[in-house]
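Presented below are the structures under discussion, each in the form of structure tokens.
Here chain A shows up in two complexes: once beside chain B, once beside chain C.
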Partner chain A sequence: MTEYLIRRAVQSVLVLFLVSVISFALMHAAPGGPLMVMLPKGGSQQAILAQEKNAGLLDPMPIQYLHWLGQLLHGNLGYTYKNHVPVGQILWPTVGNTLILMGVAWVLSLLIAIPWGIYNSTRTYGISDNISTVLAYLGFAMPAFWFGILLQEFLSLDLNWFPLSDMYSMNKQGNIGDLIWHLILPVCVLVLVFLASYLKYSRASMLEVLHMDYVRTARAKGAPEKHVIYRHALRNALIPIITVLGLDLPNLVSGAALTENVFNWPGMGRLFVEMAFAREYAVLMAITMLGAVFVVIGNLLADILYAIVDPRVQLGKKGGTAA
Partner chain B sequence: MAEPILEIRNLKTGFVTESGIVKALDGVSITIEKGQVVCLVGESGSGKSVTSLNVMRLSDYDGGIVLEGEILFHGEDLVKKSQEDMRKIRGSKIAMIFQEPMNALNPVFTVGDQIAETLRLHKGMSKEEAQRKAVEMLRKVGIPEPEIRAKQYPHEMSGGMCQRVVIAMALVCRPELVIADEPTTALDVTVQAQILDLLRELQSELHTSILLITHDMGVAAEMADRIAVMYAGTIVEEGTVEEIFSQPHHPYTIGLLNSIPGFEGQRGTELYTIKGSIPSLANLPTGCRFHPRCPFATDKCRAEEPSLLEIGSGRRAACWYAEEVALKAKEQGAVIVSGKGE
Partner chain C sequence: MSQTPVSTDVVETAQLDPTKMDFSAEGSAAPPTSLTKIAVRKFVSNPFAIFGAIILAIFVVMCAFAPLFTHFKPAAIDMMNASVPPGTDGHLLGTDEIGRDVFARLLYGGRVSLIVGFCVAFCAVVLGTLIGAVAGYFGGWVDMVLMRLVDVMNSIPALFLNILVLSLFGSGFWLMITILSLTSWMGVARLVRGTFLQLREMQYVQAARAIGVSNWSIITKHLIRNATAPIIVNATLQIGNAILTESALSYLGLGVQPPQTSWGLMLNNAQEFMLTNPMEAVYPGLCILLVVLSINFIGDSLRDAIDPRTKVKISRRRLKKWRNRFSKSGI
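Let's turn to the complex of A and B:
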């Protein structure tokens, strides 16, 4: 196990390195630059060049990359071109805000989707199952931002039940009740998006398992139906669900750009869009790398959970067959 | 005559599908006495497994319904019981051994846990006590080092081992009736023999009755006290193992017996097969359901269906010409008299 974790860690570092090289190159290859955006329109070409030289933007790209990497290894994410603010100072608060929004939506949708999917798998094509199918279609087909705008229109502008946007009301920074109040609409949007796939996954996975011979064996032993479903079937049905959850984990930090923009939520997604327009390379790189770290962690967690749930999977041993 | 433990009377069942009810059993009657081994033989699709799943009322979960008839277990009709009542019977009084042991065991629990579960469900044992009993049972079914094996998962065992575990699981509560649905089909021949030996040993030790389902006449010869031959959802012949093998009265039984490959046959000679294939219950032929494949069929067979009639004590056959067929079979000597299969 320890050996396995060490090997995975080494692999992860390699993956992160490659991600950083590629995204760095792509970002710098895109036309335009931070100073072009920042300086007033009609500024002279010379002024831009001078500023760029100052900011190290005229160095060859490998040099720029190594400089960035060196700083990163010293724990320094860099500074924005505009106002020279440390990246961490603007990034970390948005990470927290995004995690609050996405975490609540994610956990909530799991709490709804897994039990509901199980229930539907035992009563296929019943009323509940059909409702969940319609919901899933909506979640898949309806653009999240549009659903967000609809909710704003009806529930907050017309009925005035919920705040239109932002994370807190004026002068109520840090008030939990106010935060929950503001969370409701964006969480609704995200839950619908998550539910769409999770409902389908949990139902399908459960249905498949319910037809297995060992489920019949459990019934033949005289196990009560609850026991059959929640002990014998669910444990097996969870295995494929874990994969999906592992792959979705990175979404927790990066997935909500549109929703955050619609609801003016001060999160990472919104920051990324803003910074992309401003060509703030350092911020963009920091967000990209954070996303990559989450991808790596998500995959590792999924693999470890696999081994816990499915005894046939043995980490770091050859011949362990994944189900 | 000993008291019957299970009596299936004229059982007709079907499955509910979108296009209506599809018939599965069309009048099955079997009686099993205490301590007896009754074999249900027949080709795939004849309704053997459906019969067993109906006795357990497990077919309910696949959309199965009983249309007619009764399943009397100690005189009580299982058809009328609720699933909750059946649950108390399943595993404790009637247990089942399944066809593919590797799939019949849950891959995410240790085999010890799976055996112990039956005990905890029915005997209300504590976890430790049930585990101890499970290890004891594993030893009884011939698994070496049962203490270690109990902590292993099914994928760490061979097919034969898994079947021993399934048998241990079925017998741990000392059920009065065990239904074994093709228990050896998925195993290789030497392991088959071991498993059959084990079943017979445990049967005589625990005085369990067994309903053994098989398509293998060799297995039936080795295990059975009585044999019931099934064809297209109904019983066509019934008798003791000697009677069935030495004086078959139904052309289908003769066909099945002739299909056993013997040692005498020359290499290169074709194996005997019964021409045609089993009809679906949705479009049964008129008259006798076997007549399209029967070498003895007459106009009467094509027009009228024979019922399962008593042709001796405890001996029944559903053929208009049962006596003639039996004689002819004897003359031709086509029947393999020695019952030993493998």
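Let's turn to the complex of A and C:
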């Protein structure tokens, strides 16, 4: 187990390193340097050159990369070109905002999807099961941001029930009630997206388990149905669900980009789009790397959780799932 | 396909089954006898598949032959007729805030969305199949390197990568197709690799190798053909995903640029004018929803159709017809 974890950790670091090289190269291969954007129009060629030299932008790319990497290892994410603000200062608050939004949506959708999926698996093709199938098909086929726009249009513009966008109303910063008020619409959108896959997974894995011999045995020895479902079936059905949850972890960070843009939520995804247009390479690098870190941790966590909840799985001996 | 051991097995068992006995002498109502025919029969008898195919066909025809369905130009500005309600002066769905015909824009925008969807799915599947095939067939360090590449590509959130490239290198139609293909081949590669790892140990592959067939021929003639079915299902679902991603990127202003339009770009526009033209946000989204839904229906039905574990659904009427013939033939 320990050996396996060490091997996976080394692999993860390697993957992260490659991700950073690729995204760094990509950004620096883009036509038009960052200073072209930020210097006032009519600035002479010499002025641009001088500024670029100052910012170390004329060094060969590998040097620039090593410089960036060295700074990163010292915990310095760099500075924005415009106004020279430390990247961390604008990044971390948005990460928090995204986690609030996604965390609420994620927990809520789990609380809905797992019990509902269990219920549906015991009454397949009933009304409730059909409703959830329709929901799942809609969730997979509908552009989530469009659903967001529709909610804005009908629930907040026409009916005026919910605020249109943003995280807080004017001069109500930090007010929890106001925050919840603003959370409702974006959370609705995200819950639909999550529900689509979670409902499918929880129903499918329950159905698979319900056909197992030990479930039949439990029924045969006269265990009450509740006992069979929750003690015998659910515990085993949760194993694949937990893996999916681990693999979904990165979505908590990157998945909300569009919803955040629709609802003007000051999160990481919106920051990324904003900064992509402004060509703030340092911020873009930081967010890309953060996203990659979450993916790698999610994969690792999925494997470890899998081994913890299922004693039959022995990490390392099987060769691992992603390795 | 019918030469593989798998399919003959199925045919044999199918002939033992009384409902699937061969009636070929009696003509058109003959039950399917080959794996492909069984799959087609299953697909055609699935109402979801038919629904999806019809809806998708309608959209494809209307977008491809857009000038036949509307005489308005999608980018023609007509300030005198801005924001007119549906049905005025031949504007089937009305006009937007600067007088462009919404119906025409839907048709011409649909062209972009559909072309992006099909092109990206095609490129991604070709690329993924190629990489997966090489990795699965050769194994060893080639497999190691290619699978690490898949890991790396999977570790960068795809949406971020798309946004990054399109905003840095300038957004455009072809660049979008390229970058979307480059970020969506990994699933197919994994799938093909997995299948190849199993298939390459098969005896017919060893036999081919023994008589000196080249690696390339083994891959293209023996292995890929036996992995076609799951690849096709995956390709179908990729189309829907690509259309959704395209709409998202265009909505952010990173896809096609005006005067060209796509369903996602129309939604971007519509959000700004929600107060004056509320319905403008509904139509493009509805188009995306319907198209992706029908593609998903087709994909799921295909998956069921090629899965030998699902049974052919035979309508009661047809079963009755067969029974009649059965009794008449005096067996």
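Descriptive notes on the structure:
Simple rule for what comes next: the second predicted complex is superposed on the first by the 297 of 323 C-alpha atoms of A that agree within 3 Å, B and C clash if a C-alpha of one lies under 4 Å from a C-alpha of the other, contacts with A are read in each partner's own complex, and residues count from 1 in each chain.
As a convention for this text, contacts are C-beta pairs under 8 Å (C-beta built on N, C-alpha and C of every residue); 3 or more make two chains touch, one makes a residue touch a chain.
What you are looking at is a predicted structure, and each value in this text was computed from that prediction instead of being measured.
Taken together through their common chain A, the two structures put chain B and chain C side by side without a clash.
Shared-chain residue A:23: touches chain C; no touch with chain B.
Within the superposed three-chain model, A:143 lies in touch with chain C and out of touch with chain B [touch as defined at top]. Of the two partner chains placed by superposition, only chain C is touched by A:279; chain B is not.
Between the C-alpha centres of chain B and chain C, as seen from that of chain A in the superposed arrangement, lies an angle of 70 degrees, given as a multiple of 10.
Contact with chain B, but none with chain C, is seen for A:235 once the two complexes are overlaid on the shared chain.
Legend: residue contacts after superposition of the two complexes on their common chain; A:14 is shown touching chain C, with no touch to chain B. Look at A:206: by the touch rule set out above, it reaches neither chain B nor chain C. Between chain B and chain C, it is C that contacts the larger number of residues in chain A. When the shared chain is aligned, chain B comes close enough to touch A:311, but chain C does not.
Between chain B and chain C, the smallest C-alpha to C-alpha distance in the superposed model amounts to 9 Å.
The part of chain A that touches chain B in the complex is made up of residues 212-214, 216-225, 227, 232, 235-236, 309-312, 321, 323. Across the interface of their complex, chain A is touched by residues 56, 58, 61, 83, 87-92, 95-96, 98, 100, 103-110, 117-118, 121-122, 153, 155, 166, 169 of chain B. Chain C meets chain A in the complex at residues 148, 151-152, 154-157, 159-161, 163-165, 167-170, 240, 244, 247-248, 251-252, 264, 267, 270-271, 274-275, 278, 281-282, 284-285, 288-289, 292-293, 296. Interface residues of chain A facing chain C in the complex, by the touch rule stated above, are 11, 14-16, 18-19, 22-23, 26-27, 30-31, 137-138, 140-143, 145-147, 149-150, 152-153, 157-158, 250, 253-254, 257-258, 261-262, 272-273, 276-277, 279, 284, 287-288, 291-292, 295-296, 322.
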